[in-house]
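Attaching a single structure in structure tokens format; questions to follow.
Note that the chains take the letters A, B, C, D and E in the order they are written out, and that residue 1 is the start of every chain.
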Amino acid sequence: GKSDDAASASGEAAALRLGYFPNITHAPALIGVKNGLYQQSLGSTKLEPKTFNAGPAAVEALFSGAVDATYIGPNPAINAWATSKGTAIKIIAGSTSGGAGLVVKDGINTPADLKGKKIATPQLGNTQDVALRHWLKENGLNADQQGGGDVSVLPQDNATALQAFAQGAIDGAWVPEPNLSRMILESKGKLLVNEKDLWPNGQFVTTHLIVKQEFLKKYPATVKKLLQGHLASVKFITTDGAGAQKAANEQLGALSGKPLKDEILASAFKNLSFTNDPIASSLYTSAGHAQGVGLLKPVELKGIYDLGPLNELLKADGQPPVSDAAAS
Amino acid sequence: MSILQATETRTERDAVVRLDSVSKQYGSGSNTLLALDRVSLTVAKGEFVCLLGASGCGKSTLLSLVAGLDQISGGTLDIGGRHVSLMFQEAALFPWLSVLGNVELPMRLRGIGRAERRQRAEELLEVVRLEGFGHKRPHELSGGMRQRVALARSLAQNADVLLMDEPFGALDAMTRDILHDELERIWREQELTVLFVTHNVREAVRLGDRVVLLSSRPGRVIEDYPITHERPRRIDSPEVSGQAAEITDRLRAEVARHAS
Amino acid sequence: MQAEVPVQDNRTASDAAAADRITGLDALELGPRRSKAALGGRIWRSAWPKLLAIAIVILAWQIVVWAQWKPEYVLPGPATVFGDLGTLITTGDFWDGVRVTMIRALTGFALAVLIGTVVGAAVSRFAPLRAAIGSLITGLQTMPSIMWFPLAILLFQISESAIMFVVIIGAAPSVANGLISGIDYVPRTWLRVGQVLGMKGFAKYRHLILPASLPSFISGLKQGWAFSWRSLMAGELLVIVPGALSIGVRMQQARDLSESSLVISFIIVVLVIGILIDVLFNAADNALRRRWGLTGS
Amino acid sequence: MQAEVPVQDNRTASDAAAADRITGLDALELGPRRSKAALGGRIWRSAWPKLLAIAIVILAWQIVVWAQWKPEYVLPGPATVFGDLGTLITTGDFWDGVRVTMIRALTGFALAVLIGTVVGAAVSRFAPLRAAIGSLITGLQTMPSIMWFPLAILLFQISESAIMFVVIIGAAPSVANGLISGIDYVPRTWLRVGQVLGMKGFAKYRHLILPASLPSFISGLKQGWAFSWRSLMAGELLVIVPGALSIGVRMQQARDLSESSLVISFIIVVLVIGILIDVLFNAADNALRRRWGLTGS
Amino acid sequence: MSILQATETRTERDAVVRLDSVSKQYGSGSNTLLALDRVSLTVAKGEFVCLLGASGCGKSTLLSLVAGLDQISGGTLDIGGRHVSLMFQEAALFPWLSVLGNVELPMRLRGIGRAERRQRAEELLEVVRLEGFGHKRPHELSGGMRQRVALARSLAQNADVLLMDEPFGALDAMTRDILHDELERIWREQELTVLFVTHNVREAVRLGDRVVLLSSRPGRVIEDYPITHERPRRIDSPEVSGQAAEITDRLRAEVARHAS
């Protein structure tokens, strides 16, 4: 990649290629790019933002050296870690927590009502899919990978799921924001389960920041500056909610041609929380659940985090450090 | 004898094909080409009329008008809704069918049963001297053989009116003689009406009840000879040769006059 | 010697005169039919079935909407959609997107045509090559565009080139296949004529094979265009270049937002582009058929 | 009368004898060349370029891997991939998926052929229809499959029918276009022969138009197959119908899991299926060309 | 006089085309067809040889072998690497080119400049009496006109050896006469070697230095007549008619014998 060519002894790359999705769960990236927070902290290193539509494409790009770091959901990160046998990436910071749940049609009030129903998830084996399957298991319902069982779990992309729900072709969906809010607000769905309620402190990882290990080794200083920008962005969101919403939506509009409706934006922001803490415990737990429902081969996740640089920065800023330890 | 008189005397008879001042123009604007200019011609039932004329004078055009393949540009044309078969100047066999398949096709279209049409097709191949070639494909035949298959296909149509465009052009004299005999036999037996285009004046005299001469572009009827020699005629008989020489001279003169 | 027995001469001049005469005699039947006045008639003749078809579709659609089979946000009516479409196409942004997409589509397609033609010609020329990769060409074509992305990124990083790669690999096989099938069906007689005329190598392709296989080649181009457009729509989702938003991105976005009315607007936009391009191909095709003498009865 | 002047007769019998004689005279040059012994040779002749091509690709791939251009988890070597592929194709699950997908592909394709043929025939038959929807056919084809899903779900909910709809609407236009272009290029002479033979309506299509346009039709079918397969791969991702995991789903899953080796395995599977189908089409095409007398020099 | 003797005497001369026991077999297995059976024929430089034979006897096959379009199945064939032009039995014009384009094509392939080849093509169209038809498309021509265009295209090749397969089959007698004269003139002026297939025995005698007879399938050389009448000859002169009658009789007899 370009950054390799311009390697400097100071550990700073000439350019940093940062991936993110034009999606509200990537709000820190949206705002950081929009307000120039990354560029400010990166200084002479040029920021080259790249956008992706989904995790697999981002991982493909990261693997093949087209981006150096990217915001991404927990699942693709685990897959990237697993397939590269722990050599490709590190998670260096958290970004977003919460904002997922099971929205259902009217008339479904208890888990038992789901028997024989069709429920969509974004993708087989992704965070929401695992969450749904685990939750169904806990509630004594089974669902197999082929869409059979007590409850028919149908992985479909968000746009299809939304539309299918609006037309009554499916009975519910376990989806992340902003689709959660849209199903509720636009299609009169009912929130049966808020995933928040299933986790300790209501915190579970939705998005975090990963970096290529090679890049981290070669340009630790650049990575640190990236984290600085990231921290500034998260701080902006937590201190100026309204401003953050506006900035994020403007960037969304610029990227995709159409900003979110205000009510959906507000509702989605309410369900999400933005934090530097990668909430490692939820990642481990979720991976455990995935193994439990047979969607993940056993994988050693130890070492997936490198929170050293983040903690240094937090410490300098007088904030408490974050931990990569599993919840006991 | 002018064509106008000749036509008048025959009009009342049982006319099968009647052209009245038929014109045909190809193209439009500056690219116009007048192929036929007010041609009047009547063919009576059971008549064998041969059409002679220089290359490009409109003989094929005339046949295609009678067959209804092209629209006339002026005049009137009447075939009384009769079933017409046209044998094209090029063999135009279908390459996806075998020789037998090509010959059987018209019968298939008329809904004749498999066995019957196969038998009839074999007979027709015998008539055109192509026994044993039924299972070849058209591309495996020589030029003359293809022409003979096209003839067989034409005969298989069982039409009332047979239009033939240089059907024997690619044949040697001997094969041609045989096919003359065969064609004459079939014409007589089935009481066909035939309009026959050829460049061979002797052939025209050998076969026709009448020989009609067309002028060079645009084609006009310039002469209409009744041929009265007794049948069967032989192509190298003195009568046929004599009349052929006469017609040839007339044609030559007309063509020379016309071109001057 | 030429004056000797001038059996026939060029009579176009006198023909024209004769034609005039005849036009006088029988003006209704003869005469150049396609005058300028008829041009309007011709356009109208080709336009009314289209207009009628569109009218019928819109009417049927409106009736379904009136019948309230589905709520308005699932199936919006023509009025809503055309309203949205109107707003959409009056924004400069939209036209920027069209420009970006069309430039990609046309360069990609042009490259695909180039590559497809070369590969097609080579494959149909060399028997071992045909045996080796003939079938692979169709095989490649059946590969969903999305599966090329890892390779595209691997080779070209995230760049326009990656999009081009996906477009080309989607469209070139069609072009090649069209050419190959055209070449295979060049009548044997023409090939023999070419051989007698001493055509070899490039000249043979230039003067015989290409013109003879043009019909099939054009239909390959048509298919290739469809493939390249579809691949492009997929490819544009690969890289979202800030700034002008391409059609593909906007379309996906409309879908993500479940804005039915916008989705239908984009369907219409893509259809219209597709139809316009097809009209071009048809013009080429008709010119060809006229030259070959295949029009008329 | 037949015995009169038998200018020529059927001489195949004596020809055969003559041929025998000649074979004796000059066995090297004459005689039936394609004996049974030569069959093996023929197969080998058509196989070695393929094997060579495959060998070259694998070798190049292996060299790239050895050069460690990219880490193994990004670009796995042939050994890894073929190992994975071997494991993959020994599972019953995989074959269930192939079965599900192939059944969908074949039914979808069959329906697309049916519909495409009917539409193509109708469009090329009726001028107003052609003016009305001729260009729409290519327009539809340029529509990315994904855009049909809203409509498919609207019409068929989430079911096999929705997938079929997308497959058919993806493939039928190609089939129709192939047929239309074939019909347009039926030589005028044949059409005139047909007219003289009194062919009309269905008989004309059955006995003239279809056989005459077969080459173009087959190449339309080939393209249609590619479109239907690609539409199916897209369709299988978007609409998951309970049952065995289809190829499309498995492929996407491999991609989601970033398992390069599995992704490449599926690329190979899809390629192989595509190539096998193409071989079928080629067999049809070759049979056709032999019948039409287009093989040989 | 048998062909073997005739050939022997000429072999030493400046042979341009030499066939020695050439056989040609089509198809394989049970579908075998022997088209030519040990044909030996030598054509000297500047010679005009006419080939006669029944339909399907292998004349076109022979020409295509000489032109190198098909592989011989036995014997030896030598044309000394000369530039050969073949005029096919069917016109086989390219529909995508105008008449002029078709005629210019061989010159274009030889890299002759635009103006020069245009002029030469116009000249050739005059030779075949098609002035003013240069901008038409082949499908706008009559059968005979197409054949003449093919002739012009053949002449445009400027080959040493001209192979012609029934070039005047679709022409009327008058046009044919003119083209005979033209062909004879060109042949003499350019010192061409011509191998000319026809079904018209008089035409063969009118044009040829020698007339070679082929037997029916499989084709064999059965007779080789030298034609010694003084040129220019007229097709309806008594000498030509007389010799034509003799050859016709011989052919008829041979064909009858052969078929028995």
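One rule holds in what follows: contacts are C-beta pairs under 8 Å (C-beta built on N, C-alpha and C of every residue); 3 or more make two chains touch, one makes a residue touch a chain.
From a predicted model like this one, the values you see are computed outputs, not experimental measurements.
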item: Other chains in touch with both chain A and chain C; value: D
item: Distance in touch steps, counted as few as possible, from chain A out to chain D; value: 1
item: Separation of mean Cα positions, chain B and chain A [Å, integer]; value: 85
item: Whole-Å gap between the CA centroids of chain C and chain E; value: 46
item: Where chain D touches two or more other chains at once, by residue number; value: 5-9, 12, 70, 74, 150, 154, 188, 192, 255, 260, 292-293, 297
item: Shared interface positions of chain E, touching two or more other chains; value: 33, 54-56, 69, 90, 139-140, 172, 174-175, 252, 255
item: Of all residues in chain A, the ones touching two or more other chains; value: 60, 64-65, 163, 167
item: In the complex with chain E, residue positions of chain C that touch it; value: 1-2, 4-12, 189-190, 192-193, 195-199, 203, 207-208, 211-212, 214, 288, 291-293
item: Of all residues in chain A, those that touch chain D in their complex; value: 55-56, 59-60, 63-65, 76, 79-80, 82-85, 87-88, 118, 123-126, 145-148, 152, 154-157, 160, 163-164, 167, 169-170
item: Residue ranges of chain C touching chain A (in the complex, touch as defined); value: 70-71, 73-74, 93, 97, 149-150, 153-154, 157-158, 237-240, 242, 245, 249-250, 252-259, 262
item: For the chain A and chain C complex, residues of the former touching the latter; value: 1, 22, 49-53, 57, 60-61, 64-67, 158-159, 162-163, 166-167, 182, 186, 254-258, 260
item: In the complex, chain B residues that touch chain D; value: 64, 67-69, 83-86, 88, 90, 92, 94-97, 105-106, 108-109, 126, 129-133, 137-140, 157, 172, 174-175, 177-178, 181-182, 185
